[in-house]
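Presented sequentially are two complexes of chain A, the first with chain B as partner and the second with chain C.
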Partner chain A sequence: MSDSLYAQWLALACGAFLLAGVLVLWRRDLAAIVRLFALQGVALGAMVVVLGLRQGSVHLVAVAVGVGALRAGLLPYLMRRALDTPRPGGETAADEARETRPLVNVATSLLAAAVLALVAYAVSQPIVRLSPDPATRAVPVALTVLLVGFFVLVTRRRALSQVVGFLLIDNAITATAFLTTSGVPLVVELGVSLDVLLAVLVLQVLTTRMRAAFGGTDLDELRELHD
Partner chain B sequence: MTLLVGAPVLLPLLAGCLYAVLGWRPATAWLGAVAAAGSLAASIALAAVTAEGPRQALGGLLRADSLSAFMLIVIGAVSLLAMLASPAHLAAESAIGHAGPRAARRYGVFTQGFIAAMALAVLAASLGVLWVAVEATTILTAFLVGHRRTREATEAAWKYVVICSVGIALALLGVVLLHYAGLNTRAGLHAEAGVAAGAGLDWAVLAGNAAALDPGVTRMAVALLVLGFGAKAGLAPMNAWLPDAHGQAPAPVSALMSGVLLSVAFYAILRVKVISDAALGVGFARTLLLVAALGSLAVAAALLIAQRDYKRMLAYSSIEHMGLLALGAAIGGRLALMAVLLHILGHGLAKSVLFLSAGHINLAAGSSRIAAVRGLARRAPLLAGAFGLGLAAVLGLPPFSLFASMIGIVRAGFGSGAGAAVGWATAIALVPLLVVFAAVARHAGRMLLGSPQAAEAAEVSEVPEVLGVPGVLGVPEVPGVPEPGDRAGAVRLPRTAAVPLVAGLAAAAVLGVWTGPLRPLLETAATIAGVTP
Partner chain C sequence: MTGLSSAGLSSAGLNAAGPDAVGLIATVLQVVLVVVGAPLLTGLMRQVRARMEGRAGAGVLQPWRDLRKLLRKEPIDPRGTGWPFRLAPLVLAGTALVVAAVVPLVTTASPLDSAADLFAVTALLALGSVALALGGLDTGTAFGGMGASREVTVLALVEPTILVSVFALSVRAGSTNLGTIVGLTEADPMRVLSPASLLAAVALALVTIAETGRIPVDNPSTHLELTMIHEAMVLEYSGPDLALIEWASAARLTVLLGLLGSLFLPWGVATGGAAGMGALVAVLVGVAAFAAKTAVLGMLLAAGEVFMAKLRLFRIPELLAGSFLLALLAVAASYFLAGGA
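And then the complex of A and B:
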C-alpha cells in the first residue's frame, strides 16, 4: 500500500470514527444511537484493517475482524435487546426509547464537542511528538471520542445512553491502542474485550432490574442512596 | 513452582466451579473457607520462597515477589474470615427469605471468582493483565452488590459498575500510553531488554528501563493510572460508588471489598509509582497521591460527622484509611512503605470484623440506621464487643496494629527525608483524622451504650416514613432471636459467626505488639515498593 493511499484510507476510517461519535450527541432516539455506535465499530475495525494491510500483518487483520465483530455486531445486538425488553406497564414505549430530558440540549452538546476536540488536540501533543507518523497523528481523533463519551455519560439521563457513553470511551481507548502501538499484547486485548462484553451484559441485566424496581430507566430516579 | 504461584488463583477458582456444579448446601458450605485456608497456606509458602527473589510462572505471565506474596497473605487472611462467616450469614438470610438456593449458589460462585480475580491481580506480571483482573472484580461483584433487587440495591449496583468501569477505563488508557512510551524509548527499551512479544507491559521491565521512557507521555500515563486505579481504591475524586456498594452488599462481600479489594487497587498504584519515580522523579507521583490523600480524608471526615447509617459509616472509614495509605505512599521510602503495608493488613482484618458484625447487627435490628440500634452492649455483649473493639482498631487505638502503622506513617511524614511539603501535608492530614475520630466515637457510643427502648422513641420521632419497613424499631425479625421484652431483646450470635470476629480481632491485636516472622517479609516488600532511584 503506497504512502498516500495509506494516509487517505486511514484518514477516512478515523473520520468516520469521529463522525459517528459526535453524531451520538445529535440523535435522541436511542435506537439510532445504537446504530451510530455500531457504525463506529465498523469504522474502528476498518481502521485496524488499514493498519494491518500497511504493516502486511495477517495477525493484525485477524484482530481487526474480531474487534469489528465485537463492537459492530455483538455489543450493539446486546444493547438492542436491552432496549426491546418488554416493560411491565409504567412509562410508554415511545417515552422510554428516547433521550427525553438531556441535561444539555443538542445544539449546546455539539458546540461542546467542538471544544472537546480542541482540548483533545492540545492534550495529545506529547503523544504525537514522540513518534510522528500518520497513525499517531490521528490520536487526537480518538481522544476527542473519549471526551465525547464522558460528556454523554454525565449529561444523558437514560441508562442505555450511559452504556453508550461508557462504550464510546472504550472504543476510543482501543483506537488509541491501535493507532499508537498496533494494539496491546493479545492476552490483554482478549481480556479487555471479555471484560467489556461482560460489563455490558451486567449493565443490561441491571437495566432490566431497574425497569422492574423503578418502572423506567431514567437515571434521575436513582436517588435512594445519599448522605 | 508454577503450581505454588498459581495456587492462590486456582484454589478459589476450583471452589467456584464446585459451587457452580453442586450448589450451596451443608456439605459444600465450608468449601470456600477450605479454599481460602489453602490459598493462605500457599501464600505463606510463596512468601518464604520469594524471599530470595521473584519467581515466574506460566511463561512469564505470572510473577510473584515479596510484595505480591504479602498482598496474597492479606487476601488469604481476609477471605478466610469472610468465608468462615458466610455459612451463618447465608443461613440467616435464607431464614428471613432473602436468599433462596439459586441466590446461595450464585453467592458461592461469584465470591470465589472475586477472590481468584484479586489473587490474579497481584500475581500478574503485566500491567495489562493486572488491569483485566481488577476490572473482572467489578463485574464479578456487581450482582453481589445488587443481590437484594430492591431499588437501593439496583441503584448501588448501577453506580458501582458505571463509576468503577469508567474510572478503570482511564487506567486502561494509561496502560496503553505506557505501552506506547515503552515501545518508543530513547534508548530502545525493547532491543535492550530483549523481551519477548507480549512483555511490553511487564512492570518489572518498564521499571527497569524507566529512565528511557518519554517524560511527556509517561506523565499522562501515570496520571491516568493513578486516577483510574484510585477510583477503584476509593480515593477521591471518584469515590461516590463506595459507600453505596458497601452498604448494599452482603456483609462478607462488604468485608472482602473493603478489606482487600481497595488494597488490591492500591497495590496497582504502588507498582505504577515505582515506574513513575524512576521515570519522572519522586515529585510527580507524590503530588498526585498527596492531592488524592488529602481529598479522601476531607471527604471521609465531612461525611462521617452527620452519618446516619452505620454501614456507610464503615465505608467512609475505609475511604479515610485509603487516604492514609495514599499519604504513606506519597511520603515514600522504606519506613513509610512498611507502615503502609502493615496498615493494609491491619485494616483488612479490622474492617472485615466490623462489616461482619455490622451484618449481624443489621439482621438483629432490621435496619442499618444508627438510630435503630441502641444499647447493643446490653443486648448482645459479644457482638457489641467485637464491633466496639473493631472500631477502636480502625480509629488507631492500641494494642491493634493500626496504631503502630498510623504512628509509623505520621512519623515518616515528619521525618527529614521527605521534605517540607510532605511534612505540611501530614500536619494538615491530622485535622480530618481527629474529626473522624470524634465522629465515629460518638456514633459508636450511641449504638453500643444507652438503653434499647430509646431506639424506638428516637426512631418514631425521627423518620415516620420508614414505618412500613419490617423489622424497623429494633424489633428483631429473625426467627430464633427472642422478642424484645425478654431480657430486653438479647441477640444470640451463632458460634460459627463468632469465630471469625474473635479471630480477626485477635490477629490485629497480635500484629500490633509482635510482627514476628512477618517482619522480614514486610521489609523486603517495602523495599520493592519504596525503591527510590
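And then the complex of A and C:
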C-alpha cells in the first residue's frame, strides 16, 4: 500500500468514525442512534484493517474483523433488542423511542461538540508532535469522539442513549490505542471486548427491568425514592 | 447559441489574442447561460416534482412564460413605500448577475478571476438577501416584516457555514480564490474523497438548500402565512419587479448549484491551460458539463423534495447548527488529518 493511498484511506475511515460519533448528538430517534453507532463500529473496523494492511500484519486484520463484528454487529443487535422489548402500558411507544427532552438542547449540543473538537485538537498536540505520521495525526479525532461520548453520557436522559455514550467512549479508547501503539496484544483486546459485551448485557437486563418496574427509562425520574 | 458561431468566426484571431479572449468569451457564455437557463432550471425542477407526484406539469418553459406575462404588466408601488422597496429587486438581480459572472462555473480562467474570492461572493449573496429583507420591511405590512425577520434569522445562521466550509476547502489550496480551488481539485480528483472535502460538501449542500429557500427550510410553492419565509417578503411586489425577483431567485439557485458542482465534481471546467482551438473546445465542454451537472443536481433536489416535509420553523436553527458543525469539523479535519501541511 503506497503512502498517499494509506493516508487517504486512513483519513476516510477516521472521518466516518468522527462523523458517526458527532451525528449521535443530532438525532433524537433512538433507533437511528443505534444505527449510527453500528456505522461507527464499521468505521473503526475499517480503520484497524487499514493499519493492519499497512504493517502487513495478518494478526491485526483478524483483530479488526473481531472488533468490527462486535461493535457493528453484536452490540447494536443487543441494543435494538432492548429497544424492541414490549412495555407494560404507561408511556406510549413513540415517547419511549425518542430522546425527547435532553438536558442540553440539540442545537446547543452540536455547538458544544464543535468546541469539544477544538479542545481535543489543542490537547493532543504534544502527542502528535512525538511522531507526526498519519496515524498519530488522527488521534484528535479519537479524542473528540471520547469527549462527545462523555457529553452524551452527561446530557441525555434515556438509559439507551447513555449506553451509547458509554460505548462511544469505549470506541474512542480502542481507536486511540490502535492509532498510537499500532496494535494492543490480542489478550488485552479480547479482555476489553468481553468487558464491554458484559457491561452492555448487564445494562440491557437492567433497562428491561427498569421498564417492567417503572414503565420508562427516563433516568432523571429515578432519583427520588418512592413507596 | 450565438456565442458558438461568433467564437468559430474569430478563432483565427484568437491565437494571436491569447487566453484572455477565450476567458472573456467563456465568461460571457457563462452569464448568458445563467440568465437564460435559470428559469429553465426552475421549470425543470417543477416538472420533475409534478411527474413524481402524478401530475402532468406545466412544462419546462412555464417560468419563462410567467416572466413574460409579468414583464408586460404595469409596475405598481403600494402606497407609503419608499426607495428600499423600489431598489430591492434591482440590487437582488444585480448581485445575482455579478456572482454569475464571477464564480468559476464554465471556466477558471475568467478575466474577473481576481474578484472570484470566497468572501466577495458570500458578501454579494448576502447583500442581495439583505436588500430584499429591507424591501419587505419597507412595505410596513405584517407579513413583510415577519418574512424579513425570518429571512435574516436564516441568513445569520447560513453565512458562517458558507464561510467556514469553503475555508476548509481553501486550506489545502492556500488561497480563498474559488478559481484556484476548483483548478486544484480538477488536477487531483481524489481530493474530493478526503474527509474535509466530504464534510464541507454536505455542509454546503445543506446551506444551499437553506439559502435558496427549498423544502426542508422553506416551501417555495406555498403562501401559508405560518410557514413562508421568502414568499412573505415578496407578497407586495407585482409586475416587472416581481419578474425580476423571481428571475433573481432562480439565478441564485442556479449559481449555487453550479458552484457546488464546480467545487465537488469539477470535471469539465475549463482551466485555461490550452491555447487556440483547444481552449475553445475546452470552453464548450465546460458549458455542456455545467448545464448537465446543474440539471442533474436540480433534478436530485426536486426528487428529494417530493419525499420530504417542511421542517418546523423552530427546528431550522438545529439543522443549520448541524451544518455549521459539519463545516467546522471539515476545517478541523483538514488540519488534523493533513497535519496542517
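Basically, the second predicted complex is superposed on the first by the 223 of 227 C-alpha atoms of A that agree within 3 Å, B and C clash if a C-alpha of one lies under 4 Å from a C-alpha of the other, contacts with A are read in each partner's own complex, and residues count from 1 in each chain.
Convention: contacts are C-beta pairs under 8 Å (C-beta built on N, C-alpha and C of every residue); 3 or more make two chains touch, one makes a residue touch a chain.
The shown structure was predicted, so the numbers you read here are calculated from the model rather than taken from an experiment.
In the superposed model, A:A213 lies in contact with chain B only, and not with chain C. Once chain A of one complex is fitted onto chain A of the other, the partner contacts of A:G56 are absent, as it touches neither chain B nor chain C.
Within the superposed three-chain model, A:V141 lies in touch with chain C and out of touch with chain B [touch as defined at top]. With both complexes superposed, B is the one of chain B and chain C in contact with more chain A residues. Of the two partner chains placed around the shared chain by superposition, chain C is the only one that A:A117 touches, whereas chain B remains out of contact. Judged by the touch definition given at the top, the superposed model places A:V106 against chain C, while chain B stays out of reach.
By the touch criterion stated above, chain A contacts chain C in their complex at residues 7-8, 10-12, 14-16, 18-19, 22, 26, 105-108, 110-111, 113-114, 117-118, 121, 128, 132, 134, 137-138, 140-141, 144. The touching residues of chain B, when paired with chain A in their complex, are 61, 126, 128-129, 131-132, 135-136, 138-139, 142-143, 146, 149-152, 154-159, 161-162, 165-166, 169, 172-173, 175-177, 179-181, 183-184, 197-201, 214, 216-217, 219-220, 243-244, 247-248, 303, 306-308, 312.
Interface of chain C with chain A (complex): residues 190, 193-196, 198-199, 317-318, 321-322, 324-326, 328-329, 332-333, 335-339. Residues of chain A touching chain B in their complex: 123, 125-127, 129-131, 146, 150, 153, 159, 162, 166, 169-170, 173, 176-177, 180-181, 184-188, 191-192, 194-195, 198-199, 202-203, 205-206, 209-210, 212-214, 219, 222-225, 227.
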